């Protein structure tokens, strides 16, 4: 694990239908369906609002200030993938811009998740290539040190194995282990169906206190009403 | 103060006309009119740009990772209120999403100010329900511990008493004590009238140096011009 | 250097054509053309997305919570300038709002770079007066202490001499020393021409690995492919 | 509340015996005894390790970069007091050094809690005058703007009324409302007695699982042991 | 992976001799010997200076503000273990104090690594029970939600599998996968032997430039000396 | 300026006596004597408490994660120098440890100021070689890219020219331009003499209100005493 200098070519991707379907529910519903695990740190923000994607992860481990392996990972991208880039130490440099995005997009990538900086935000926005990053920075990088591709990585506090499903939107980035993708899609779908009913009731003025039958447990917990 | 497990039902809300009117001036002008006190920390940011609201505060004190009391505070909302949520320790969890927003909106709330995280940003944006928060996070919360409703709280560094006026826009969130609402609205109105004149002069090229008669005090303070 | 209480009236501005032209390339390309120096810290963010400006710097050194010198610097602005404001200690106060912006715009300023807070974001957005700042805050400032105008300042970690060229967009803020403006514009222009070719190739599916002939050096560095 | 330009001379201090006694238990035990409210943000750190104090609060509200009111509050100090300094906006300047500490100590103050910066750390350490602050900085302050003394303030996220008890040690700073001081001292004393027994059992190898009878509720909550 | 509600009792611990020996080299040398991977984020700091430990990891995954599982993990501790606690979301609460430390120490634990807050620092320092944490806070926690014990966790950005070796000192916290413990101890030992020679030469005034034969590659890289 | 790949051998160092003498006053007094300019950001902290040094700056500009130039700057150190290291982008890597410290100390350096990370803290503490840094990290660096030595650099927000005087202690790091060293030493000396008198008065119970004759200006500013 974390071995440097390795490119794994054959990875087992999560079930394609489940990976594609998860975008529909969004990061928050999927995170709930997962049991509230697998979320990247909230410092990961989209470079523009409104994007919502899901796809299978190809991973890359980079060194601070060095984006050489970005070109190596590009070759491993298949249609429907999302690149997940981890760095061996904190760095805000702009590892990724419009040229790499052109290449990633041509290979079929749906977006990039990077625990570092991104640049060419104006171009990427116009291209419609979404990136979730921890910084935006003009600072470019060098190409001097090798890392690895398609090894397990820790990105923004979350463990990502190659082939896992990534779900990303305005709320953040969630990782669904490949083996749980189908089950999670089902659970998310069930949650969503259930939420429609609740939403209608709440919109009509019914209180969550009553809908969820919370009055009794709150009283037991000691809640007192005063005037 | 800060007593846990209490819901105060009858609170004295600030003068309704003043509470409604303050939105017109915006957070910065109101903050000036207040004498530069009552501002929440600048880490409080709107989840989407352009919203500008004012209203009367109903307050809720929550525990980290626990949003149970959000359902309790919902029942105390009246039309024209803004919910102000404080947490007993730092937390970025997503306490609030589209279901609670549907309920709050149905009860007449104009927005939420929360010293923690928010989620379902895309839905909230489409609903037009503005939230000012310190984070955006998919991380949901549990319902295990009781807090309090309508007690004085400290939210993002500012003391908020139930019934106080909240003014929030792209510049931040300001708290106007209920007893000062009318006076503050008058002062803000006077400031604004005054600003129109100044703006026209400055737009015509008149310098603040001359308009505010600053040249003499600057010289006295020791300012020297060199070539 | 860093002398307080001085306003330098005659500064040597960078070549006008080069200063104007650099906006076309954007901060990231200019930063590359400079050899990756001169970038302000990435915490400097535009108050609205999409602005891209370049111009000659007039500088001002302010004290925490005191914007008196903003009125002094206004008089030194010429058409095509960008004001660069440094503070002698960390501060997030809102030093700058719509009145000062009206004055700066009337004097011909193209924008403001400030290592502190800004306010009246809604108004500034409507006026189309871009600001890059480290915070947004309603907190106003006093006018009690003198600083200096058109001395060398350190703004967000970058040294700015009066007359230097500033390039700012969604990616950040770059400083180009006046003496290097023409050369940098040429280098940026060359980079951009070069990038067009690359972009087309990458869009057609050619890999950077092949386009940049990286396969051999990667192998020499020890990169291994496994299945 | 938060009125500027006021010095309140007569404040009601908490019960002296309780205020003095609370230091014995330390911030964490007192915080528990309070029901887990009243804690300042954890960014408040002691300038040297090992100090543990309690005392009655005299409060001061300062402006960013301006410590004029520190001299005003000095006069209001009585033996056994702790000065609590809040700032109207974020600031890391060094408001307090060895001269003010000499004066505070001569007046009988036991320490300073300041939501800003402190300096002369070496001298303060040698004097044995403890300070809890959010920063250490050589940056001095001016004396230009008035604030207030002995009004309610929000310091590092906690509401402090003049006369409240402050308990501070390596773990942080806790505020005990004056009216709760005696009750809190009793509760803390009971907790501590209780802890001695527990400590002995745990030291002998008894598990908390058994001592607190947690095995059954954990099993009910769904905990499963696997090999 | 990341399954909730599971306690794994039988884990394969790293080679004991290697796990014990690694403390001797310290975190930085071990990190180098590992090829510069496996380091936790530098925000992890010891609660007191000078501790240096190594041992085998038992892991625990906790929820924000909830330390129930700390009592569950205590039972799984064997002599020579170090507890590694990860949280499912950012939290600075004080999960751990002197009572738990008494229990952990009685079970043979050498220390705690926790990606959250710690309290009772004074007591822990006197007990000589070292903790590396991201915060110090009096804020206690509840016991309401189950997590897991001895599953793989991400702690402060590093993946930790139960049984891995942890090395922690003033420089930070490094994770050595169990399978690499012996090899890493050998590599660290070799590095250290090698460093003794270098240190003596450098102390005598020999320059690294000459000792490492850097003058030629620096010249090739374009370094120019000017007067 | 900021030219890469240059080593300037002959620099004009500040007056030796003044450079040596400034340590006696400490960073805060020197900062005051300078007129409150030249202070590095307060995130720069000493790796151990109690050190207080002054000396002449030799500067080095490094790239993120690359400490190659540390060996180049070592050769330029003369007795009484302090090395000031700036980085072209934010980085917390541990650029400096006990081997480099041995070399620097052998060359006569009094300490290191680095706007990045440091490691081997235990060894450096035992050696008595003080470092002020923004982080402590085991993460080592590579030797791949050249920077520059003895050019003007921006370190932690302060401009440092080679030959300037650095004063560093527990309060922070101050830069005194070489040309102002003598004058600043005189001003600091005067301040200190003056402070002795004040300290004695304050210790005897005299209030700053009276000693500085503040009562009248405070009253004029509107301060009101109430009971």
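For clarity, chains are labelled A, B, C, D, E and F in written order, and residue numbers in each chain start from 1.
Basically, a residue touches a chain if its C-beta (ideal position, glycine included) is under 8 Å from a C-beta of that chain, and two chains touch if they have at least 3 such contacts.
This one's a predicted model, so the numbers in the text were calculated from it and none came from an experiment.
Trainee: Can you check whether chain A and chain C touch via the same residue numbers (shared by over half) or via different ones?
Mentor: Here the answer is different, because the shared fraction of interface numbers falls below one half.
Trainee: Name the chain pair with more contacting C-beta pairs, choosing from D-E and C-D.
Mentor: D-E
Trainee: Which of these pairs, B-D, C-D or E-F, matches D-F in more than half of the residue pairs in contact?
Mentor: Overlap exceeds half of the contact pairs only for E-F.
Trainee: Taking the mean of the C-alpha atoms as each chain's centre, how many Å separate chain C from chain E?
Mentor: 41
Trainee: Just give me the whole-number Å value for how far the CA centre of chain A lies from that of chain E.
Mentor: The answer is 27 Å.
Trainee: Could you say which residues in chain E touch two or more other chains, in rising order?
Mentor: Those would be 36, 39, 42, 88-90, 92, 137, 139, 145.
Trainee: Every pair of chains that touch: which are they?
Mentor: Pairs satisfying the touch definition: A-B, A-C, A-E, A-F, B-C, B-D, B-E, C-D, C-F, D-E, D-F, E-F.
Trainee: Could you list, by residue number, the parts of chain C that touch chain A in their complex?
Mentor: Those in contact with chain A are residues 26-28, 30-32, 36, 39, 42, 45, 49-50, 52, 169-172, 174, 195, 198-199, 202-205, 207-209, 212, 214, 218, 221-227.
Trainee: Please give the residue numbers of chain E that touch chain B in the complex, ascending.
Mentor: 63-66, 88-93, 137, 139, 142, 144-145
Trainee: Quick one: which bits of chain C touch chain F in the complex? Just the residue numbers, please.
Mentor: Counting only chain C, the residues touching chain F are 1-2, 4, 35-39, 41-42, 88-90, 152, 154, 157-159, 177.
Trainee: Can you tell me which positions in chain D touch chain F when the two form their complex?
Mentor: Listed in rising order, the residues of chain D that touch chain F are 5-10, 48, 68, 70-72, 74-75, 92, 94, 97-100, 102-103, 105-107, 117, 119-122, 125, 135-140, 143, 145-146.
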